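Structure provided below as structure tokens; questions to follow.
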Amino acid sequence: MLENTIEATEIKNGAELLKTVEGLKNDGYRYATMICLKANDGHDFIYIFDKDYKLKNLRYFVKPGEKPKSVSGIYLCALLIENEYQDLFGLTFEGLAIDFKGHLYLTPNSPKAPLA
Amino acid sequence: MGMLNLVLTNISRKPATRLYPFEIRAPYAEFKGKIVFNPENCILCGICQKKCPPDAIKVTKDEKKWELNVFRCIMCTECVTSCPKDCIIISNERAKTGAKEYIKILVPKVDTPKAAPPK
Amino acid sequence: MLNTTIMLLIAAPILFSLLFVALPKSLYKILAWAFFIVGTVLSIMLVLDGTGKVEVAGSSFATFESIVLILEALIILFVFYVSAKHKNWPTLALIAISAALAVYSHFNVAEIESAFFNIDQFSQVMILIVNVIGTAIILFATGYMDHYEEHRHLNRQKTFYFTMSFFLAAMNGLVMVDTLGWLFLFWEITTLCSFVLISYNQDEEGINNGFRALALNLVGGITFAGAIILLGTKFDIATLSGIGTSVGTSTTAALIALPVALLCIAGFAKSAQMPFQSWLLGAMVAPTPVSALLHSSTMVNAGVFLIVKLVPAFAGTTLGTAIAIYGAFTFVMCSALALSQRNAKRVLAYSTIANLGLIIASAGIGTPLAVAAAIMLILFHAISKALLFLCTGEIEHTIGSRDIEDMSGLIKKAPLLAVLISLAMVSMLLPPFGVLLTKWVSMEAASSNPIVIIFLILGSALTTVYYAKWLGTVLSSTMDKNAVHHAKLETYFPLSFLGLCIVVTSIFVFTIYDYFIKPQVEVLLNIAPAVSGQAGQFTSEIGAFAYAAIFIVLALAILIYFVTKNMFTPRTANYYMCGENNLEKDGLMFRNGLCSYEKSSASNIYLQNTFGENKLTTLGYVISILLIIIALAGGIL
Amino acid sequence: MNMNDVLIAILVLIVAPIVGCLAAGIDRRITARLQGRVGPPLLQPYYDVRKLLSKDNMVVNKSQNFFVVVYLVFIVLSLLMLIFRQDILMIIFVYTVASIALVVGGMSTGSPYARIGSSREIMAILAYEPILILYALAIYLLTGTFKLSAVVDASTPLLAYTPLIFIAMIFVLNIKLKKSPFDYSTSHHAHQELVKGMLTEYSGPGFAIIEVAHFYEYVFLTGLLFVFWTVNPLIGFLLSTAAFLLVIVIDNITARIYWQWMLKLSWTFLLGISIVNIAFLYFSGVKL
Amino acid sequence: MTTVIPFGPQHPVLPEPVSLKLEIDNDVVVGALPSLGYVHRGLEKFIDTKDYNQTTYICERICGICSALHGITYTMAVEKLFDVEIPERAQYIRVIIGELNRVHSHLLWLGLFADGFGFESLFYECWKYRETVLDVLERITGNRVIHSISKVGGASKDLTKEHIDLILKMCDTVEPQVKDLEKVFVNNYSVKQRLVGLATMSKQLAYEAGTAGPTLRGSGNSIDLRESADWDIYKDLGFKPAVEKDGDCYARTKVRITELYDSFKLLRNAISKMPNGEITTPIKGFPTGEAIMRTEQPRGEVVYYVKGKGTKNLERLKIRTPTFANIPSLLLTLPGIKLADVPIVVLTIDPCISCTER
Amino acid sequence: MSLAKSPWIIHVNCNSCNGCDIEVVACLTPLYDAERFGVLNIGTPKQADIMVVTGSINYKNVNVLKNIYNQIPDPKVVLAVGACASTGGIFHDCYNVIGGVDQIIPVDAYVPGCCPRPEAILDGVVAALSILESKSQGKIKGKEVKLKGNEVPSNA
């Protein structure tokens, strides 16, 4: 395991994720961003929220083939980063506010899911 | 009116324009203009090639060739600081504008590397 | 000779209307051609016959007079019947009043011994308009109605052609007759015809709008009847020309203003001026040839015809000034209203009302120059407007819409049609064409009255705007070339013919002026306008309009264009779409954020928030009714 | 038209674009100096036109250049009519033909940017047209005729009785030269949301014609201001030059505002002062 | 009667390639769909082939406008991985270059913004003053735009006495010039016509839309990463965020102008407090672990996430740039404005597409 | 000499990091004032003579570049500004980068640097002027670049 990893709350499933995010929004957290990492054939998501310069991180493991839930219904601004990961990792988010269908950055002829 | 003041001041003064290319300002000494390679001491170790972020330098040991694609160089001076033999310096003269064929190819005069690359 | 022509002019359309009923549909085209030729020949004959008064007296008078009586009674009964049938109470009430007035006048107004037809140059002009343009419109209709009815599952063409032709007969009578009683009959016939034509579709909207037209025109009819009674009982005047002459001589000059004002209101109603404008807008539901007919050669022209004929009665009086301001106000108001419209026919409707307002304003000013402008404007407006309407109708059949926005790219789809409608629009707003020339004349004439002139200035700027955007839209080349474009002779002949008329009348404007307008103004006002024409220039005492120079320059522009066209290496390129268009597809398509292609488009500015109908109409009602009341008050005092 | 007139006409045809070109050059130089830079050579507009003429005639449809030819000839015609002191109302109508031709030319290209630009230019017409005609009306009220010759023959300058209309006319000049704050339909430096607006699709010779027509238009528009002081041509010239300079300065000290704002300004303030001026002329009955 | 037009990617009013599909009804925008990807290069993958030092140069070229702060933030993130403390002088150098960068960036923005509403001479005026700053930066770093001042372990160049004099002199000349500009931006009638009340975002909305930087602070949120503990040196310099309440374009402009004054103050303070000493710490080994570093760029908060796996290349680099955070707010502010205002509203978030797409 | 005195440029930002862009814009501002040579930054390619390209080409902007190039009337000159536009620069290896501008359209002159100084860009414009002049004399036409949807150039 790595040293000095960042602190993060583990999230088990999509429903819990949405609930937690909803709760964070009610607590006055700001959506900063979300990080996607390849891990064990699946993807590790780190959601980063901010309040009074303090970060609150959620870690959520997306199993291979699972369609992660979009939080853009809660924080609209999440749509951009989620669309980005659709492009770069070939993921498909469920419930995106605006779905660019993998064409946010990439066109049909550019490399497919380059970070996957 | 603030803007009226500004434009009237402008018209009453000499224009701020630097009359390049009719009057050429001497470049600042610090200016990173272009890479100058001095093949004198080069040992063809290839460190500069490794360090160069845009892969602008190509060192071919067999052909004793040190090449720089001027049009790819980003003047980061990594090569300058990393060269063990200080063969590369940065000059404050600008690289020339023109056709892309302008790729610098230099063959070092030394036949054999004088020292092994530091490990 | 004159005698026969007059009778023929009334009889021939009636004959044709009966023929349309009697003969099968397949012969309509031939009939319409024949009608067009007969109408044209007859009207030219009338012009050649010269001017003069024709008296109908003796036994023939008695016969005609009884026919008139019977017809009036029939009209009243018919209106009673239809309004009762459709339970339209306002109309019922109005016709009841009309009936009462008719009965009253029958018993109180002194009997007349003879009737007069008065053929002056104005009548000639009007006859030309009615019989040349009117029959051209009917000809157009034969190429139009089948398609129209097919879409709406109608089969009422017999009624249609019958009424259209009968309409022309009534108009012919109206512009030639001098006796007020007979004039009133023709007046009411046109009302009735328009009612039948507007409710042609027999759907709810059509019937409602028909009744609105009927009701508002009945109001005009009532004021007309009131005026006849007043004139007959108080002043012993029974002819139209009598009013003018009596003003000069009679010691009761001031008092006569009231019946004159009432007649003017009848004219306002018929010309759909401001508080009455809704009937003409409602008339848009009818087939386009009907609109063309109502707007250019018949109905609305009857109103302004009457008012211009009355000029001697109010020229130079307060009533005249009031009428001028009223007309100018309608002009600016309706021009503003037209600005926010996308529906081409509504734009045209407002434009018609506005131009009639301009005519009325010019008549109201009452100087020789102004009256000349008014008559010329009636002529030029009729030609241009007929063409505009017919083109709009044809466009509707070509692209399936009368929305101005949908007309973008017409120049690619139907080039000839686009050029014709552009010509018509240009003739409405730019020199060297007739309408603008007359607008120039009326502006120069109105410059002595600051309120009128300011209204005219604002109105003409607004006119420029709504026509310019339509013109640009029609000429913009944005559509692909795949329109269903059926070029029929019956449709394109009238269009091209009218187009030609625009150009020819504009070129020979001075001849027309010299032959028709100048003598007419002399008849009306006893002085001719101080206008002279030399070297293709129209010169009044206060200005000059060098229309020939403009024609030459226009021709020069066309020449330069064709000479230089191939001087430079021509190369067609795609539209600039910020770099996101794809050459393989439509040049106006661009790639959007989802990587799919989408068509770009641009619409014009309509300013609904400033010039929207709901905002301006109320204001227009208030001010126009006020102005009418002031005019009336001026008439009484 | 005698021989003399023909000569004058030819002279105008030749001299006006030169003057207009110089005016455009001066405009660009002064603008540059106001912005604290050197600016292009004085003859830059001429170089531009020459360059444009040597480029390919790239068009999106075959008829677009027709309208610019119409624009050019009608500008020239209105200028000539101005020089020959014709009916001012007529001149304004002829000038309207030119403006409409340019608008329609823009629209005829079919590009959405051009069409939006043209729509805005139509709004500009709505804004300035009434003022131009009121200007003509003022001339009529002061001389009893619309013929410009009456103004020229008069011994009092027009400006003496029409100061408010003069102010309104400066705004008209500003609108017509498409300078800030009214440069929303198209502008010379194209940094706007509509690319080049109305003229987006014009290139090469077609665009050169527009530029040349602009030269004539410069002369024509300043000519309209010159009329305010014909008693002493020098003062008239200085007056129109001063107005021109003022417009350049305004261009440099204002942002582009909306066409809606322009319409409001014109139909309230500008029309207001013009009408006040007209009312004064009408009620006082002064004559030149 | 909707008008549908593409707005960009190659568009004279947009300095960068972004495309908006605009749907306009009656001169009012009713829909806007952004189209991105014109500047997407794929830098987050590119670090696979470059070592962590070379990545500094890549990060600086995420964007040429606040390139210095990209380099600084990246190096600070990597230093977190190494868990090293760099010399204080180097930290001060970073602050000074960062603030100089902010001054040039804000002046640049003011100019482009003025150009957005058709005020050409004001645009030129701003850029004229900006050149003074660029000259100073060139004297210090050898390049006008991309400075390469920060490297993992410290600063790559020291500030000499001469440099410091130059900076102070620059502050003294540019500050009054900014005052002149402020007069125009804040008082000019035509500018106010265009800006006041345009694209207003409430405090709550701006916060929840995840905006950053002046966009956030223009709506009354006092959030500026220079206050946070991540980069504590700002604490010593007495920094306070610039905040405006109104939330419209006018407020966002005023925030940036105030920040210019703040930067001058910070520069002077930093220079007076800057200690002498080393400017680099030696770094050994290869980075391992995860770290998040956030700083305040001219356009707002930038978030760097780095993950090393003990090789010379990083395993993952993720950058959340300020424009990336601000773009979603455009979806909220664009509908309802006039077509003529689109460039202004887009420019008011100070968009930098090249960092959004990387 | 008819072309060389009035070069109107169109600036196309392809994949640039903004560094080159702001230097291109800086050329137009008072300190460098490119308008001294008649340079105008014209908005539409239809009126441009010199195409100033900054940044490398990626799969999304390749068609934009071609479109703009095709829409410039002849004679025209393409100027690649900066390392990215010339060769792909530091990003030449990125997955979404096709390469320098010359992979797609013919380039007439290159300006080195990352980013180039405004002076260098002015040099480039001056170099472009003489090329423009010779093109106009020799009536050399730019060839129409084919545009096929989202096609990938073969030489990428």
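Just so it is clear, A, B, C, D, E and F label the chains in written order, and each chain counts residues from 1 on its own.
Methods note: a residue touches a chain if its C-beta (ideal position, glycine included) is under 8 Å from a C-beta of that chain, and two chains touch if they have at least 3 such contacts.
Computed from a predicted structure; not experimentally measured.
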_Counting hops between chains that touch, how far apart are chain A and chain C?_
1
*Which chain lies the greatest distance away from chain D when centres are computed from Cα atoms alone?*
A
_Chain closest to the middle, measuring from C-alpha centroids that were averaged per chain_ = D
*asked:* Suppose chain centres are the mean of their C-alpha atoms. Which chain sits farthest from chain C?
replied: B
*Between A-E and E-F, the pair with more C-beta contacts*: E-F
*How many angstrom between the C-alpha centroids of chain E and chain C?*
65
*Give, as an integer number of Å, the spacing between the C-alpha centres of chain C and chain B.*
80
*When the C-alpha atoms of chain B and chain D are each averaged to a single point, how far apart are the two points in Å?*
53
*Give, as an integer number of Å, the spacing between the C-alpha centres of chain F and chain C.*
59
*Could you tell me which residues belong to chain B and also touch two or more other chains?*
1, 3, 7, 15-17, 19, 53, 74-75
*Spell out, as numbers or ranges, the residues of chain F touching 2 or more other chains.*
12, 29-31, 33, 36, 41-46, 58, 60-61, 64, 68, 71, 73-74, 89-91, 93, 95-96, 114, 117, 149-150
*Identify all positions of chain C at which a residue touches two or more other chains, and write them in rising order.*
569, 571, 573-574, 576-580, 591, 593-595, 600-602, 605
_Going by the touch definition at the top, which pairs of chains touch each other?_
A-C, A-E, A-F, B-D, B-E, B-F, C-D, C-E, C-F, D-E, D-F, E-F
*Residue numbers on chain D that touch chain C, as the complex places them*: 53, 56-63, 65-66, 69-70, 72-74, 76-77, 81, 86-90, 93-94, 96-97, 100, 103-104, 106-113, 115-116, 118-120, 122-123, 125-126, 129-130, 133-134, 137, 140-141, 144-147, 195, 200-201, 204-205, 271, 275, 278-279, 282
*In the complex formed with chain D, which residues of chain E make contact?*
3-5, 7, 11-13, 27, 114-125, 128, 188-191, 193-194, 338-340, 342-343
*Given the complex with chain E, which residues does chain B contribute to the contact?*
1-3, 5-7, 16, 28, 30-32, 51, 53, 74-78, 90
*Which bits of chain E are touching chain A when the two form their complex?*
33, 36-37, 40, 42, 44-45, 80-81, 83, 207-211, 223, 225, 227-230, 288-292, 294, 301, 303, 305, 307, 309, 316, 318, 320, 324-325, 327-329, 331-332, 357
*Would you pull the chain B residues touching chain F in the complex into a rising list?*
15-21, 24, 34, 53-55, 69-75, 94-100, 102
